[in-house]
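After the structure tokens below, expect a handful of questions from me.
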Amino acid sequence: MLDVIFYIATAAEAMTAALAAGRRKMDWFGVCLLACVTALGGGTIRDLFLDHYPLYWVRNPYILLLVCGAALATIAMARVVDKLRWPFLLLDGLGLVVFTIIGCQVAIEIGAHPLIVLVAGMVTGIFGGILRDVLCNDVPLVFRGELYATVSLVTGAIYYFGLMAGIPSDTVILVAIAVGFPLRMVAIIRKWEMPKFVYDRDWR
Amino acid sequence: MLDVIFYIATAAEAMTAALAAGRRKMDWFGVCLLACVTALGGGTIRDLFLDHYPLYWVRNPYILLLVCGAALATIAMARVVDKLRWPFLLLDGLGLVVFTIIGCQVAIEIGAHPLIVLVAGMVTGIFGGILRDVLCNDVPLVFRGELYATVSLVTGAIYYFGLMAGIPSDTVILVAIAVGFPLRMVAIIRKWEMPKFVYDRDWR
Amino acid sequence: MLDVIFYIATAAEAMTAALAAGRRKMDWFGVCLLACVTALGGGTIRDLFLDHYPLYWVRNPYILLLVCGAALATIAMARVVDKLRWPFLLLDGLGLVVFTIIGCQVAIEIGAHPLIVLVAGMVTGIFGGILRDVLCNDVPLVFRGELYATVSLVTGAIYYFGLMAGIPSDTVILVAIAVGFPLRMVAIIRKWEMPKFVYDRDWR
């Protein structure tokens, strides 16, 4: 079931990236490339950091077709997609949580330190969006967004420490999703944000 | 012969990067670094993705001297280079095609899936320019350019499927160059472009 | 002793990155992430380039706590930090030199070519700052700064050729620091800069 949500969330990430590309008037190729970077970038960087080869999309290249297909479908259906703001935010939030859990799993499998497990989850969950913003020439949204990274951290911590406590994997995954996903939704609705650090001198 | 074109194209990429650096008033070191990132970045990312170590410039470090030498020569000869617009576009187009073929070769050698072979060719051909634009703080040109990525994809597909069809390697390389290179030139002259995706809502 | 300076310099890099994050009104998470990228990014890219796994912060994850702790402390103490311009520039300069030496050491250990040793030193010393500037959406400062990269190159060359000449490691390290660190300080005070390449045509 995690796999199914993973593919759906990957496609959803690709579609939101395609809309971001459309806002910058990119051509169809740019739309596909930005979708790939956004949907696959987090997992790719995690795999590079952990020496976890082959990269997951090299092992399973059909995911590239899924991502490009979702991106091109977004072009065709931009008017429809436009009305689907809430479904997308739901899928995006679900994707964040699922990507995080999968990232933690990869790190646990190779016997990484608990801190690295949490980092692997966060990298998987949020670095795709960071790369998207860098390529679009924005300061990454995640640096200022609604608990995006915090949700990833909380989800990863529940998953890891649940497993360590001997709770069965399926149960832990359900609990992590059941906490992380609503947390993200509430953060969006209530506009919860991390406190900001504002510093306006420039001596460097 | 592919090797010779590869070195010439690498130097040409370094020189166009040096001009981009000059437009941003970078210092001599910045010129060399931007030249290295542009000329070597695509192959480096391909090698990282495919776990293909040592990186090709680590195995053959003299290519770093070639790139920095070409970049510094550009500074010395900026007035001359300025008049060489067409030779540069020719070398740039040839480089795109040759980089793509070499990228596909690396992926084929390690037994990658056909989709990954095409991706490896495109990454080698175009990611150097993407990194250059990110470091120069531009939205990458390739997202909006004249069939740049498409030429890479077509070249890679001819090369890969030609090899699979049992055609000798040398012949396939010549055919791939003979199609990809003129395609790029015509695209520049006729200003052929991919259709753009323009989307102007901002609900995210 | 090199280890002690390394940790201090890592914390100093994290703190200057935190100030840069504060200037962009990032939230606390963004401050920590930018600190990690800046303080650990150079060594990470070096390790990726040299296939030197596990990455140094994966092997020693507590360094992540050091970096995030230093970043959060900067938020708490921004008023104090503000008055510490000179101590920071000292630590930053020391860090540049020490990061460079450590980068060279890693490359020497794996038997790399002399050119690659120098590149590994420079990547370790300066790529953290480049990544910070890319994430902050600036053209990297190092492309225009006061001999930053040159100091790294000189330090690395002294270290490498000193070792090759049979001088004991401790002595070579001291000499490299004793040349590189004052060179950086004098460059700041005298505003020494590399010559710039200014080119204002735009035919590409």
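A, B and C are the chain letters, set down in written order, and residue numbers restart from 1 in every chain.
Everything that follows uses one rule, which is that contacts are C-beta pairs under 8 Å (C-beta built on N, C-alpha and C of every residue); 3 or more make two chains touch, one makes a residue touch a chain.
All values derive from a computational prediction rather than experimental measurement.
Subunit A maps onto subunit B through a rotation of 120°, based on Cα atoms and reported in steps of 5. At the subunit B-subunit C interface, residue numbers used by both copies make up under half of all numbers present, so the two copies contact each other through mostly different positions. Centre-to-centre separation of subunit B and subunit C, using mean CA positions: 29 Å.
Annotation for subunit B: residues 48, 134, 137 touch two or more other chains. By the touch criterion stated above, subunit C contacts subunit A in their complex at residues 16, 18-31, 33-34, 44, 48, 53-55, 58, 61-62, 64-65, 75, 78, 82, 85, 88, 134-137. Interface residues of subunit C, counted against subunit B in their complex, comprise 48-51, 112-113, 115-116, 119, 130, 134, 137-140, 142-145, 149-150, 193-204.
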